[in-house]
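Two complexes come next, and they have one chain in common, chain A, joined by chain B in the first and chain C in the second.
After this line comes the complex of A and B, so read on.
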């Protein structure tokens, strides 16, 4: 039985079990539903869960364990000469054995005989059946492949039997449990709880896995380049051309990239915070409900635009516009029509990123401002304060911690933003303070280090992980601090 | 003097009190729904007027028309005429901000700003520029807190947050905050409904004292409270003013059967 067919069978058994459990509970109740502790549906679900869950777990465990076992036994069956040549060779031989095994499964008995006696070429025969073999193939491989196929077949047969038995046994066990007072509902509740816990732990484990893989790759990088050189170096010069050759590893100074990242994020925030905050105050305090119900979703549509589109906007519209207008201005002032703003510059990237951030600032701030209790507004208005006095003196101070938290969350987005800066900020890694010149960011360099045809063994590519983990720590720190502030603020009103 | 003569003398005394606010044919609409029906109610100077009636009868709505707090509610429309010292407060020439400085308000739930006690009281005077120097402001804060009977409890911790006080203290802080602007009228919307009996007694005592300097209108659900603190009582029912009378008469011998029933606890 193939795995998918087996899975389908289990589900079918589960379905049957559901109806069987239902029917049994109805039978024991003697058609008086009130005598049952749980509704028939719960009894059905209980039986179905017992039929499906253990069987599925056995199936999963078998699918993980059996290839490991088969591989190790095939490996130990390889000839002494191969096994003595080290792990890489053994791994290669094992791969070939598996390929041969796939091929043998497609040959008929006569062809197998011919291959075994060596009267036909193994590689050509298999190639004719659509299985490519890396080497010529050796006689021991055919034998090992046959053993492999036999074991696999047996394992598959045994697995089907065990799994179906588990499904059947589980169902029978559960259906015997069904009585009028049996608490099927509570049992089902526990399974629900379990599955919710599994789902959330998958999310958490994935995060841990990502951090782990980044850390281990970054560790490999730091074994080649010293952390001091990375974190405090002021020159970024990875020397791609020399990648792989000995002795010239290039310079990997983080500071120019970090400087660019923070500078562009600062420009973006300087642009987005006033506009977003004012928009939020207008939406929350002044706009009529009708206007608010139209304008707020419109503003939030901005947040749904993919950032690569903002990148186009920067590349095609904002960048050239700034370049041309700076040329005009320069011409008017000095007579020399030389643009002083580059098309790709800190300013271009900052402005466009700022536009992207406006909806985040305004939407988050709006939520926080509307959370300020109405009683405070009334109190201030009742004392004869105007609306703007109320906003300035009561609402904003009350909402300030929350707004700061919202701004920190926005800042962490600005620091981690990639596509806009790839297109609009430039690639020159240098430290300077002129916002009209291009600079580059951590994210841009990660993209550059990882695009192309490079092995993950040189510092040129591994540096991307070091950059990634640095960026991750920065944004994580910002987020944690923001959440801490927001939470502290929430406690005030509850 | 006979009982009747005493009553007459009292009536006359009461009737000579000048009127601070006059409400004539006041109706309020929330969108299509009408919440008040042609209410005619006068507020006497230096008198505590209690508004009573079952929930949803329009007493809070009427209270809020007196300093135009209804303006902050969407779709709310007020017709009729309300005057404060003969100025129509709904006249376009009236500045609503100025009006609210003259007619202050204390709310149902204590709502101190998340600022220090001092800043809470100084909020109104600062906005309206009532003090030119720090010393003058200190003076206003102190007298306001004294008038609200809170000074002795908080004088050593004026810089602590107002939200850290107990419920009753918070409400008296809100009264001090309203008093600090030197309003002529103070509106109180069920000021004791969120307080325990001891704090309630303190606030009631305070209302009694404030009467000397301010005209007070108070909405209350407690019949006993209305009887204790007010001189005039107005009874609302289903958006109509049922009866307005001296408090003593109202609670002993009301003119209207519905007032009688409500006071006796037969409905509401």
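After this line comes the complex of A and C, so read on.
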């Protein structure tokens, strides 16, 4: 029985169990529903839960455990000579055995016999059935594959039996519990609460997953490249080595990438902060409700546009525009029509990222500014200050901590932004201070190292995880600090 | 208090000049400047929005039209199946020289001498290379067409398409552009004859990846995106709602729930590319799920969307007044019944709004998908979420990297499609909020 069919069967049993439990509770109550502690639906759900939940847990455990067990027993059945050749060879052999096993399942008895006696070529026979073998099959593989298939078939059969038994047993056990005074609702609600807790722990699991996976992969990277070389290296030259050729590792200096990341983020912030802040102040302090109701959502449209669209905008519109205008400018000033701004440059990426950040700055600051108590405003205006003076001397100082928090949140977004820089910042990893030249960022290099064919053993691939954890730590630090400030600020005025 | 009164009188009798000394004019000027800064900041923001949209729409609207050439194609048996083997060898129909049929039809239509090779080559270059598969599909679908002459609408080559739409500057020297003068002359001749013309481009919605701009479309990418959105919806809505109900209604105030709360706020601000790394390391590398599959993409996007949905749902739950809960509890409902029968239904509009916004965000996300290998050249529709697929924003990314100018038009067209989806989703969210939102 296939897994999905099994799952469907369990659900069907659950459905039957629900109605059985319901009917049973109605039967035990006689005709007086009021004698029941819980509504019939709860009794039904109780029985259904007992039918489905244990069976599903058994199924899940089986699906996780049985491949591990089968793998290990097939591995131990491999010939001594193979097992002594190290983990990589065993892994390779195991992979081939599995491929052979898939192939054998598609052959008929006569063909299997032919393969076993060696009268036909294993690889060609399997290739004809659409199974590609990585190398020439060896006789022990056919045997191991047969064992593998046999064990898998048995495991599957046993799993179906056990799971179905669990479903029946659970259902029968539960239905015997159903009496008039039975507190089915409390039981059902306990299960519900449990599932709510499981759901909310997914957030924590995600964080653990992020940190754990990146730490373990980055750890493998740091076992090949020393951390000092990575964190303080000034040259980025990973040199994509051909598969398997060891020793030809490149240089993995983080600094040029980090420099580019921070530089582009700085340009973007320099562009977005004044515009966003002034827009927020105007919206909060001056704008009529009508203007506010139109301009605010329109500005927020900028935040809803996918970053890939900004990247394309930078690539085909802003970049060429800056390049051409710099050529014109240069021509007017010196007579030499040579552009001094590259199409892909820090400036291009910074400006476009700045456009994307405007709504973040403006709506976050807007929230903060409107939280400043009315009394401060009225006091200042009552003393004869103009509105702008009120804003500059009273509101902004009062809102400053919150605004700093908002800006830090925005900065973390700028540091982690990917698609704009991938398309607009360039790929050359170098340290320089000319904003008209291309630079590259951490995120660009993560994308570059991980697109294409991957090998999870080379430092060229694993470096992406080291870059990722660096990025994660930076943005996490910014976020935690920013959220802390904003929270503090809120408490101050609430 | 006469002492106080007398200076007041003196102030009011001051001449107008000395009033200027306290700087009213300067201060008002500063006020006006400040206002002007504010207005110009908003104007700059809106200006960029307009430029962005204009740049995409002006480049992309032509992608929804495609130049086609309708020719009477003679499915000559001599070309398709010269040895009459098609009954025994099914490969015959697959490998036949279909472009030859188009060449013959074109030569006949334009009246070219078939022996002038360069001229014939120029003529056949006007038609897309995709005719091979197009005609093959016609013949394999219905082999009885062999021997007949049927008018077939063929895609024009991308360069002819651009020229016909007036996007190619014909004043440039002939050797420096991809469309030759002779081709332009033929193009105009065919257009006058009604053979060549523009029609609505259905291909951009149905085709898959292709290296030829005229035969490339977002159809396959749309299917991939649809799979992922379905997975995200099915997983993130129940999990997100369950998590927020627990945190908002049941969780005791302690260290652990505090940690979860901080955690969720942080996850909402983690760069999306980090989720891609997570997906690659955990789902692809550790759990052994297939690369490039919509399933993995859906999982990654689910994890990314969850914080958004949880935050929105919690806000919606918080907005339901405590009196509702008290009333339900007072009538004897259990805590669980209170939440599921009364609080959650009242919070549902807010929950759905948050979900739609989260989905819209997930739909436009590119970076994590690049890492789990969805930058794949996928030509066929994925039959299940386990097959290699690509997504709309990833398709845009791949086209943006193509050098050919016709791809700029396609890319912009794909962006327009993406933006229309996002606008519809966001409008839906706004309408939902307007229609069902209750103020207590």
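Here is the rule we go by: the second predicted complex is superposed on the first by the 321 of 494 C-alpha atoms of A that agree within 3 Å, B and C clash if a C-alpha of one lies under 4 Å from a C-alpha of the other, contacts with A are read in each partner's own complex, and residues count from 1 in each chain.
Simple rule for what comes next: a contact is a pair of C-beta atoms (placed from the backbone, for glycine too) under 8 Å apart; a residue touches a chain by one contact, two chains touch by 3 or more.
A quick note: this is a predicted structure, and the numbers were derived from the prediction, not measured.
Peer 1: Touch test for A:476: chain B only (first), chain C only (second), both, or neither?
Peer 2: The second partner, chain C, only.
Peer 1: If you stack the two complexes on chain A, which partner ends up touching A:386: first (chain B), second (chain C), both, or neither?
Peer 2: both
Peer 1: What is the contact status of A:373 with respect to chain B (first) and chain C (second): first, second, both, or neither?
Peer 2: In the superposed model, A:373 contacts chain B only, not chain C.
Peer 1: Looking at the overlay, what does A:447 touch: chain B (first), chain C (second), both, or neither?
Peer 2: After superposition on chain A, A:447 lies in contact with chain C alone.
Peer 1: One more residue to check, A:313. First (chain B), second (chain C), both or neither?
Peer 2: second
Peer 1: On chain A, which partner's contacts cover more residues, chain B's or chain C's?
Peer 2: Greater contact footprint in residues on chain A: C.
Peer 1: When the two structures are overlaid on chain A, which partner does A:288 contact: first (chain B), second (chain C), both, or neither?
Peer 2: first
Peer 1: In the superposed arrangement, what residues of chain A touch both chain B and chain C?
Peer 2: 386, 389
Peer 1: So in the complex, which bits of chain A are touching chain B?
Peer 2: Within the complex, chain A contacts chain B at residues 288-289, 373, 375-386, 389, 393-394, 397-398, 492.
Peer 1: So in the complex, the part of chain A that touches chain C is made up of which residues?
Peer 2: Residue list for chain A touching chain C: 185, 189, 192-193, 195-197, 199-204, 206-207, 209-210, 213-214, 216-217, 274-279, 281-283, 286, 295, 298-299, 301-302, 304-313, 315-317, 355, 358-359, 362, 386-389, 391-392, 409, 412-413, 415-419, 422-423, 443, 446-447, 450-451, 454, 456, 464-465, 468, 471-472, 475-476, 479-480, 483.
Peer 1: Considering only the defined contacts, which chain C positions touch chain A in the complex?
Peer 2: Listed in rising order, the residues are 27-28, 30-31, 33-35, 37-42, 44-46, 48-49, 51-52, 55-56, 59, 238-240, 242-247, 250-251, 259-260, 262-267, 269-278, 280-282, 285-286, 303, 306-307, 310, 334-336, 360-361, 363-367, 370-371, 373, 375, 393, 396-397, 400-401, 408, 411-412, 415, 418-419, 422, 426.
Peer 1: Within their complex, state which residues of chain B touch chain A.
Peer 2: Touch residues, chain B against chain A: 67, 69, 72, 74, 97-101, 104-105, 107, 109, 111-115, 123-124, 127-128, 163, 174, 177-178, 181.
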